[in-house]
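As written, the chains take the letters A, B, C and D, and residue 1 is the first residue of each chain.
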Amino acid sequence: MAGNSIGTIFRLTTFGESHGSAIGGVIDGVPSGAEINIEKIQQQLDRRRPGQSKITTQRKESDTVQIFSGIFENKSTGMPIGFIIQNSDAKSSDYDHLKDTFRPSHADFTYQEKYGHRDHRGGGRSSARETACRVVAGAIAQQILASVGIEIWAYVSSVGEIDCDKPYQELQSTMVDQNIIRCPDQGAANRMIARIEEVRKAGDTVGGTITCVVHSIPAGLGEPVFDKLHADLAKAVMSINAVKGFELGSGFEGSRMLGSEHNDIIDQTKKTTTNHSGGIQGGISNGMDIYFRAAFKPVATLMRDQPSITDAGTQTVVKGKGRHDPCVVPRAVPILESMTAITILDHYLRNKATKVT
Amino acid sequence: MAGNSIGTIFRLTTFGESHGSAIGGVIDGVPSGAEINIEKIQQQLDRRRPGQSKITTQRKESDTVQIFSGIFENKSTGMPIGFIIQNSDAKSSDYDHLKDTFRPSHADFTYQEKYGHRDHRGGGRSSARETACRVVAGAIAQQILASVGIEIWAYVSSVGEIDCDKPYQELQSTMVDQNIIRCPDQGAANRMIARIEEVRKAGDTVGGTITCVVHSIPAGLGEPVFDKLHADLAKAVMSINAVKGFELGSGFEGSRMLGSEHNDIIDQTKKTTTNHSGGIQGGISNGMDIYFRAAFKPVATLMRDQPSITDAGTQTVVKGKGRHDPCVVPRAVPILESMTAITILDHYLRNKATKVT
Amino acid sequence: MAGNSIGTIFRLTTFGESHGSAIGGVIDGVPSGAEINIEKIQQQLDRRRPGQSKITTQRKESDTVQIFSGIFENKSTGMPIGFIIQNSDAKSSDYDHLKDTFRPSHADFTYQEKYGHRDHRGGGRSSARETACRVVAGAIAQQILASVGIEIWAYVSSVGEIDCDKPYQELQSTMVDQNIIRCPDQGAANRMIARIEEVRKAGDTVGGTITCVVHSIPAGLGEPVFDKLHADLAKAVMSINAVKGFELGSGFEGSRMLGSEHNDIIDQTKKTTTNHSGGIQGGISNGMDIYFRAAFKPVATLMRDQPSITDAGTQTVVKGKGRHDPCVVPRAVPILESMTAITILDHYLRNKATKVT
Amino acid sequence: MAGNSIGTIFRLTTFGESHGSAIGGVIDGVPSGAEINIEKIQQQLDRRRPGQSKITTQRKESDTVQIFSGIFENKSTGMPIGFIIQNSDAKSSDYDHLKDTFRPSHADFTYQEKYGHRDHRGGGRSSARETACRVVAGAIAQQILASVGIEIWAYVSSVGEIDCDKPYQELQSTMVDQNIIRCPDQGAANRMIARIEEVRKAGDTVGGTITCVVHSIPAGLGEPVFDKLHADLAKAVMSINAVKGFELGSGFEGSRMLGSEHNDIIDQTKKTTTNHSGGIQGGISNGMDIYFRAAFKPVATLMRDQPSITDAGTQTVVKGKGRHDPCVVPRAVPILESMTAITILDHYLRNKATKVT
């Protein structure tokens, strides 16, 4: 109800502010007896953490996960997994100049209106720092899904106006981490990185998109009507900070097509010859690849002066200070994979209740 | 869990197949003492019903709602509202030729895989007929929201490659129903209608987009982290049949922008001078208009032959028969308004729990 | 949230007031492919309906269930089951004298305080008439559970101070309906019936208890901590009108015992030699019989004058009028079975998510 | 779904095993701006902790709560409260002799059946240690409720066959902690303590009951039909380890009464002259005191030999070893208060959604 949980059977609840002592969460509904490799969780956290390259924020946080329960001898016990990540490099004083100011396109104003106060130190609960907890749960979900053959990967498909023109079928998941922007097309990656450096030097930021792919998903996942698989994916993805759009399969481009172009013909192997549907029909997976794309707005914190107002309503200038990302997409790749894994595993478990025996 | 409910406090649960005796639902969490005009519910249903114009399916259904409970002397009692809509014009025999065939880009195959059977008669539960129940709940939610000043309207913003180029600020909600396509820009509307007629004559179908606007929403609605207002809107909208994409405010175009262009500067009236955010920041409404766009794929049922396979896996041809929409968007306008109203009212009620007194 | 739904996977939502046109509901999460015999649903409704014997209310209602969806050729389709029961014998005028009066120990006052109005005609939503919808869902759940061997039965174990002294192990489920009080011990049944007749003639009412038994339940149902199987059973049972107490296994008597008396020793067949635990340990079924007892208060409507106050706060007298039950327990037997079946089936389905494969 | 959460708006999710490094939880839906005194939380934890008197287990645990988020300068921020309690005195080796044995009337067998393994060290997740997390949330809920005038207290009303004969109206909440058994009737308390000492010396254990009272609750809390206030209280209380029974107001005794004795007559002040209803009518509070009683079975761990079986199914003897409570009720008093506070606050917040404005 208060919005800090996601999932129905496999369910993550998170807590923590960017400048408190720790963030953390509880993962409930983890099936028992699944192999969980804690190092692999840390590897996903490391893909998200600040300070990993020259095109991300220079804040240093190790983002080390500490697990209290629910895993024993590298296996899930079926009990909830409680965990925290200590906040190590929180320089609250970096934010002192913002105490009475509403930063443009941040959550300062809306939190103030809703709760009667706000946490000016890095955004408090509205900070993207909270997404580290999603990565913990997502990395666990990805391991469980991998044990039944389901694979999830994501990559940066555009930065500003620079697109990766190749479709995902021509790209390789193993190439994603070969460069710091996480685009498996090295030519596009180079252009994207150059663009981010340019923008960063100008004290500006830039948006981008990420494409996510799910392979080897069985047919039958997803519920009709309101909890269609792509409706739940859309919610999970749109809940990530800075995401402004979601499209499945043919997406917005599909709205410009004719039915005779768009329909996916089924062949004798029960596969479709095209996949404009993006692997989901009537809200339920059909066994083809699921793929979708998320749009991220440019980061709102600039290294430039911006006009704004104070709590008291007087005009002021927000100074560009602190350590921030010029573009959020490279660090958001594991977050998108995580939200996808959480959603797919939840539906995998939900689907088990469809029949009595 | 089984996907037939939406909302947390204001909550709709629906039932019914396109070719059963009736569809219907229960609306729970309706606050007591709200004025409910049943004629206005019927008016919204009439905007959705088949056979309303030459560019919609020629099936005739009156879609008359019958309410059993929860409304007394035109006021909500706080008790759940149970209702049905009788199915009147169900020609099941129209579908006999499809009994053993998987129609391309329909839910036939996925339902068969999930449930071990499927309803070939008009798609059963996967039929868009189910959305009539959403309109009943949405029309009630719209009336309750209107009583606190919140207005919701939607319009067709593109059909295939024909766009309504004007932004919503230059359009008038009162003009939406002035034409059968429900685009308040009459020039664009004429081109859209002509395009649909062309497509229909070719036995084909075409996609489109709908834009939805929420005026006069108070700041503070939406929950942080997972139940961000736009995440719940995305889910609600993506759960509508044929929707493939959702974008809030600047949306996908925003991903191509710089932060210095995209940020919405707050002026001394606490309004923003631009509204790329689409009225939501950090998942919470900021008091500006909320606006978003949904992409609809072309209807999958064509009046043409299409190759497919039978249940047994042998090749077959799906004949183009029956009465179907060449383009879904004009009838989807009230559905989009309804899902928006359900979501906004739910968050309006949720927000009341934010403080003790 | 508004309290008209129960269950998580197998989930019933009900609507309707005692003096509206119909009551009804939606049953979601019904697994697909289960045999559903509609006559058996009606048989359970007939055990609950008014006017079935001289010791129940003389109101006549056929309580015929009309099902709209979710069942096809006597099998569940996996889609939600929507249904109504028409209200046939509603004599609203019987209640005219109560329009401005709070009846003692009814919900008149509390509904007025909560909703700003109330339905004086038979209690509206607070009427026990609503339990007919529970019986529809319960009868379906009982059939599905029976298909996996789980049997549920209940019987009247006391009326006022008259107890059925035999434990359930010495009674037979087939004997429950051999008499109108539904106590399988004929000697006790005769005394109970005589007592109710006596009380009825005096214009009074009397309370009682019902015992419920679940046979052949597999070990492993129930969730640790908050959703213990008996915690969910307690909620389901306590939600039935007039229930004031619930006890599992040894219950209140168990609180007077020593651990050395109370512990259930496990033998080599993995059965326990005693069953003070009532078939549940740590919130999870252990494969032994589950048994529990519910206490029902005497019906609040008397055929006698009672002092009370009007809405305006002036003193008045509530006249004893209308057609009411002198004792609720014989008609409550199928309701208790139903709430038990709903809860057990829900946990049966929940348990399927405990493991990945 | 997996049972580790309770509440709808005010919602607690817990994690942790008795012999892991820590237990903890997340409290979501805390309204913003409420005064929270962390010392008072610790005081309630101290009332629950082991080793507090000669009649409780001699295990020493400080049970110090560590809060990570959601409270700032002694006020709730509206953000989720994450917390842990370190496990300090876990002597896992105490349990080595139990590794392959099912202890009688414990959850060993049922966890093994459900999850394919179990935690023999103090019961793991099924240990009453988990209830410390409930006390953290309950103590916060009690403080918020106190700020709107609602008071909750509980006391031991029986130990084995020794009853506190006085009704709660003749007892004082300030006297509860005047003795180690937490019975405000000193005469009864002395007899209870003597009985526990006797039982303890015999290596045995004994059950008991606790009565809980809620004062100054407004009329209107609770939802009709399934989420009746007492149904949710019953679930919350029955979810506490060792609870076997729950009764509201007149309870089981009420089932033996006549309607003419049991009905609560409303006087001109809108109070009832008796309160057999226990403050709840039709599932909704009527403004009178709520009171109920919970039955606790005797602790299953004895300091005596008991026969049982091993995992392999061979007969064995469970030795009486370790440090355990001879009677659970004195330490359970704050747990019962906590579950009550969690439930009442949740319904207090739910009730705010009943009207639009």
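Everything below uses one rule, namely that contacts are C-beta pairs under 8 Å (C-beta built on N, C-alpha and C of every residue); 3 or more make two chains touch, one makes a residue touch a chain.
A quick note: this is a predicted structure, and the numbers were derived from the prediction, not measured.
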Chain pair showing more contacts of the two, A-D and A-C: A-D
From the options C-D, B-D or B-C, the pair that copies A-B, where over half of the contact pairs coincide: C-D
Round to the nearest whole Å and give the separation of the Cα centres of chain A and chain C. 46
Where the centres are mean C-alpha positions, what is the separation of chain C from chain D, in Å? 26
Euclidean distance of C-alpha centroids - chain A vs chain D, Å: 39
Within chain C, the set of residues that touch 2 or more other chains is 1-2, 4-5, 8-9, 14, 29, 32-33, 78-79, 114-116, 125, 224, 350, 353-355
With touch defined as at the start, can you tell me which chain C residues reach chain B in the complex? 1-2, 4-5, 8-9, 11, 13-17, 20-26, 28-30, 32-33, 68-70, 72, 77-82, 84, 114-117, 119, 124-125
Within their complex, state which residues of chain B touch chain D. 1, 9, 29, 31-34, 78-79, 144, 147-148, 224, 348-350, 352-357
Report the residues of chain D in contact with chain C in the complex, numbered from low to high. 1-6, 8-9, 14, 102, 104-107, 109-111, 113-116, 123, 125-126, 130, 158, 160-161, 199, 204-209, 219-220, 222-228, 230-232, 234-239, 241, 244-252, 254-268, 270, 272, 276-278, 280-287, 295-302, 304, 306-309, 313-315, 350-351, 353-355
